[in-house]
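One structure below.
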Amino acid sequence: MSETKTKVGIVGATGYTGVELLRLLAHHPQVSVAAITSRQEAGKHIADYFPSLRGVYDLTFQAPDDAQLDQCDVVFFATPNGVAMKEAPALLAQGIKVIDLSADYRIDDITTWQHYYKMEHASEEWVAKAVYGLSEWKHADIAQAQLIANPGCYPTCVGLPLLALLQANALNSSSHIIADCKSGVSGAGRKAEIGTLFSEAGDNFKAYGVSGHRHLPEIRQTIAAFNPDIAKKFTFVPHLTPLIRGMHATIYVELNEGIDALQVLQEAYQDSLFVDVMPNGSLPETRSVRGANICRITAYRAPETENNQWIILSVIDNLVKGAAGQAVQNMNIMLGLPENTALNCMPLLP
Amino acid sequence: MSETKTKVGIVGATGYTGVELLRLLAHHPQVSVAAITSRQEAGKHIADYFPSLRGVYDLTFQAPDDAQLDQCDVVFFATPNGVAMKEAPALLAQGIKVIDLSADYRIDDITTWQHYYKMEHASEEWVAKAVYGLSEWKHADIAQAQLIANPGCYPTCVGLPLLALLQANALNSSSHIIADCKSGVSGAGRKAEIGTLFSEAGDNFKAYGVSGHRHLPEIRQTIAAFNPDIAKKFTFVPHLTPLIRGMHATIYVELNEGIDALQVLQEAYQDSLFVDVMPNGSLPETRSVRGANICRITAYRAPETENNQWIILSVIDNLVKGAAGQAVQNMNIMLGLPENTALNCMPLLP
Amino acid sequence: MSETKTKVGIVGATGYTGVELLRLLAHHPQVSVAAITSRQEAGKHIADYFPSLRGVYDLTFQAPDDAQLDQCDVVFFATPNGVAMKEAPALLAQGIKVIDLSADYRIDDITTWQHYYKMEHASEEWVAKAVYGLSEWKHADIAQAQLIANPGCYPTCVGLPLLALLQANALNSSSHIIADCKSGVSGAGRKAEIGTLFSEAGDNFKAYGVSGHRHLPEIRQTIAAFNPDIAKKFTFVPHLTPLIRGMHATIYVELNEGIDALQVLQEAYQDSLFVDVMPNGSLPETRSVRGANICRITAYRAPETENNQWIILSVIDNLVKGAAGQAVQNMNIMLGLPENTALNCMPLLP
Amino acid sequence: MSETKTKVGIVGATGYTGVELLRLLAHHPQVSVAAITSRQEAGKHIADYFPSLRGVYDLTFQAPDDAQLDQCDVVFFATPNGVAMKEAPALLAQGIKVIDLSADYRIDDITTWQHYYKMEHASEEWVAKAVYGLSEWKHADIAQAQLIANPGCYPTCVGLPLLALLQANALNSSSHIIADCKSGVSGAGRKAEIGTLFSEAGDNFKAYGVSGHRHLPEIRQTIAAFNPDIAKKFTFVPHLTPLIRGMHATIYVELNEGIDALQVLQEAYQDSLFVDVMPNGSLPETRSVRGANICRITAYRAPETENNQWIILSVIDNLVKGAAGQAVQNMNIMLGLPENTALNCMPLLP
């Protein structure tokens, strides 16, 4: 472990985004993971906890207080909502860079956040300073940021295509946007709950959060930054689908006359490393990005309709571009490294 | 096997709708399966082909010509598209009742059918006489029919909630209807194809048929019977999801001011044996109808939108209410039997 | 609900064996479910808990103390280990018949039970009176019993073929028996645990309990009743496989010279309603019994070996013949009803 | 594409081992893929065939005759059995190195091969020259070889632990070895067949090839090289389990008195890059090696038995260490490169 490497800490490394950060950082040439914390698993060697990491890391989980996170250059919070807002400020005060994978710093409006997350916010002042880390759209801000609010998986999968259309002024502002989204079960996290047991979520499909999922205000805020009126005409329904990783958004929009959604998307992302706009007739499938920091998108003119109705298809791996991968991408930007360092892992197909 | 039982034949009994008909009819008290046909498996005992039916049926597959289908009272066609239109007319001419689970007789407009199914239609005269067998909406016609065009799975899952709203004049006719549908893989049939292999369709999610699925004109025709203008503002996107059985439709509609979708649905189906409108806040899941001839539906007012936007959720087992179960339901109606005879099988959960 | 029907109570009806009992009993013509208990869900209507049962039962969970179980004729315990041994004796004392689906009364030797189940036994006297309910082998005893220790899933799947071989004196007593077993995840029950989450148990295969699973002494006891020496030469390894229901045992035995395992099995079960010995060359698959109270078995002479080595394949649905189905079968025997009453449900394939 | 890189060709690159080779070689620093062939897909760009490889390769499938494979330094055959034996000899005659992932060159005894593979062998002379590429055991031979017979997945998963025990003379030669193996469905290849459809192989478990799988003589040959007598007392039963990738072998052996299997395994593989012997009490699971070129092994003394009976657990990813990964490992050895070049990909968990 070279002295000159950037020292990284991971708070809450026992969850799925935590182990995914560890997978991605394992061969990062400029970074070394110096500390992993877990209150519950303190003292346990990582090889005994995640056998997939045997022989790769020689690390032991530490209680947060023992972990000397203040010796790190960058700290990731891969914690449940409500932890980072309490624990990050002390690190930030010491000049440490923080990337929060939870939702604590994502919503500018504190009242909205408190309504959706059912708790008091503990560090409002840092909400204002945090940069929302949708990497492709906030590159310059991220490069300067000390605190990144890493986006949610749904907001990433929906936001990437939608922002390109919004920027191009393509959306018919009098019509309604529908985002019908489907997520793999790992999106629910590594928590002991009946609803995500194999025997409950397997061979089963259902909607959830229909009356107001927490990612609704997050996506709405993203849209509103471009067009507050359109943000009010937005419906989002998430569904749970029996796959481990993967997220698919099917977005229904009416575009202004003459606009071709696919062309807008291709122009927006023609130089992108991580957003792949697929040609006419393609069908992005979740496995084509399994394990990779890629968003694949395409668009179809809705068949046999008179108005300029379009169907946008967008897929990501919810744990990579929807969480840990985008977090590493943001870290690379913050550190001035090539954006794709350690992010060239190929999709696992089949 | 009592002499007085209705004799049933099944053409193409080696597919998933065929074996499902056999499962459902196994304990039907008024019906006996007299003949099963398969060109390819002729001579093979059913117990060697479907071990799930061992000890239940003593039947051998016969070539269609050897099967003496003209000795049957009712013949089901569980065949690929294009077979029933050639083989059913001879049986119909002898007064035999026919229930076609394929698409041959579903579309009134022959040009549209030929466009979508890429073949010449072989018995146009019977298209006009066929009754579209959406049981809950065509009960009287079905009771009198000789030929039933058994509906497709998507048209059943989407049509059942939509027809209730159309009948109540609930839909805002200036807005667009979106039906985002997800199907289990058994909907693709029991065909040797790479796309539906376990290693392709497993742990994977994708849209398909986006530029115009065959069930689009079928649903459009169903809507148009109530309101041709609304039928033109309809978008349908099917998706393949890694479950064996099950279909989920998420339907987005704008309703006329003051109308409550859930109330409309509850009134429409309050006496229904097979359509279960679930209370406010429910989340219909596909496994809640696995193996059962039930459609479960509920509705949500879209959160935080100004116009009267609604989200309708509808689930069926694509092989039961979406195919073989509805076929048996239609047979019961045609024979004047209680509609739920042999259809009380409970959902298998988990 | 007819006055003359047998009144049934189910203690612990929120688990998988509980809901399976409810599915099977829904259309039982001589039985009515009068009470379901759950400490945690008391007051909740069953339709809100198990949507698959909507419209079928009008029952509400009750706290055990409120449930008037003493008004029932038969009480099923579908509870975690350690509950029935405390709560059943009071019911038994009032003459009520009890069928315990847990392990409390399965092991004759209290020391062994306490070693494997890590608790004190609370009603040793009833262990001696309980009948081990492997229906096919204890028919006469079950008919007279007041308390049934319903067998475990592995012991049923392994025991059914093995007992036939033991009874025929077929096993070479100097050689070792291997039972390599694979179970669907529902066998672990409906408990909030990380290990059986979809994202942990899905797309994954592993052995567990290798150093001594609780079903080892249960199977050993079953073997020992025929031949204590052979019971000492028995190895059992269970594995977790990503299917919801289903259990497959692959059993390796050396038989005495000249003995044909398949012939022994066929003779033993030729008149059996629920054990299906499949012909030479068959490959029993778990889905062929999905949802049904059937054990399918076949046997192969091990290829290219000199000694009389055999491979026995046995499949059940762990929740039906391995739990709730066998419990209903035992209830039918106890009540003098036809053994297959309410147990003719067909396997769900696909 | 540097001139100094080794040029690689892949024959039959449309299958699962083909796409896996492409995934692994994508970032190999000393190798460039120069040609991929497919008779059926000739002319199709790889990005249109495998979307997971979009942006990574700019290659088009060519008919084998057009592909100028003779310009390559190394050619992989990822073809069905029977192709390499016909097409490889011409390349071998020109001095090109060949790694055959099919079974054509694995079995020394031509009669046995012809019996199991049901065809005439077309290049017997090369069978004698081929090196069986179980990398950990044939390192020196592989380094000198021109033709590698890359081992089957089962023979790798079973052979790695078994060879360590054989080398240590640990096996009791009078007792029988059982290898009960479970494979993910991708092991069956990417072929349009009904038996491996999602709706057939999903939520299902079964044995297959019980009367004599093709990998039986391959494993037997591997054992016989150490001890021909023990090779005759070997039983192998493969099973199909509903996971995409992954293979688990459970091996039952009786060891000579006093021998500890785990210790033998640990000593044999203490310096191994790709064989990980896990400590006492571990439970190797297939996902811990998903996508990685690793075999994880552990061993348990069978509980409550008198003789020195052991249970060995071994897992690999059937497409990586069981096929394409081991092929790349062998190529690295042949080229004198570090054995793990391009093989450090981390397991994907979850």
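Every chain is named by a letter (A, B, C and D) in the order it is written, and numbering of its residues begins at 1.
Simple rule for what comes next: a residue touches a chain if its C-beta (ideal position, glycine included) is under 8 Å from a C-beta of that chain, and two chains touch if they have at least 3 such contacts.
Please read all numbers here as calculations on a predicted model, not as lab measurements.
Chemist: Tell me which chains count as touching both subunit A and subunit B.
Modeler: Correct list: C, D.
Chemist: Tell me which chain's centre, taken as the mean of its C-alpha atoms, is farthest from subunit A.
Modeler: In terms of C-alpha centroids, the chain at the greatest distance from subunit A is C.
Chemist: For the two copies subunit C and subunit B, is the contact made of the same residues on each side, with over half of the numbers shared, or of different residues?
Modeler: same
Chemist: From the C-alpha centre of subunit B to that of subunit C, how far is it in Å?
Modeler: The separation of the two C-alpha centroids amounts to 36 Å.
Chemist: How many angstrom lie between the centres of subunit B and subunit D, each centre taken as the mean Cα position?
Modeler: The computed centroid separation for subunit B versus subunit D comes out at 45 Å.
Chemist: Give the residues of subunit A touching no fewer than two other chains, as numbers and ranges.
Modeler: Correct list: 16, 184, 186, 190, 199-200, 202-203, 242, 244-245, 284-285, 287, 290, 350.
Chemist: For subunit A, which residues count as touching subunit B in their complex?
Modeler: Contact set of subunit A toward subunit B: 175-176, 178, 180, 182, 184, 199-200, 202-208, 210-212, 216, 220, 232-235, 237, 239, 241-246, 248, 250, 252, 254, 281, 283-287, 290, 300, 302-307, 309, 311, 313, 315, 350.
Chemist: Looking at the complex, which residues from subunit C come into contact with subunit B?
Modeler: The touching residues are 16, 19, 23, 26-27, 50-56, 186, 190, 202-203, 244-245, 276, 278, 282, 284-285, 287-292, 296, 319, 344-350.
Chemist: Residues of subunit A touching subunit C in their complex?
Modeler: Against subunit C, subunit A makes touches at 16, 184-186, 188, 190-194, 196-203, 242, 244.
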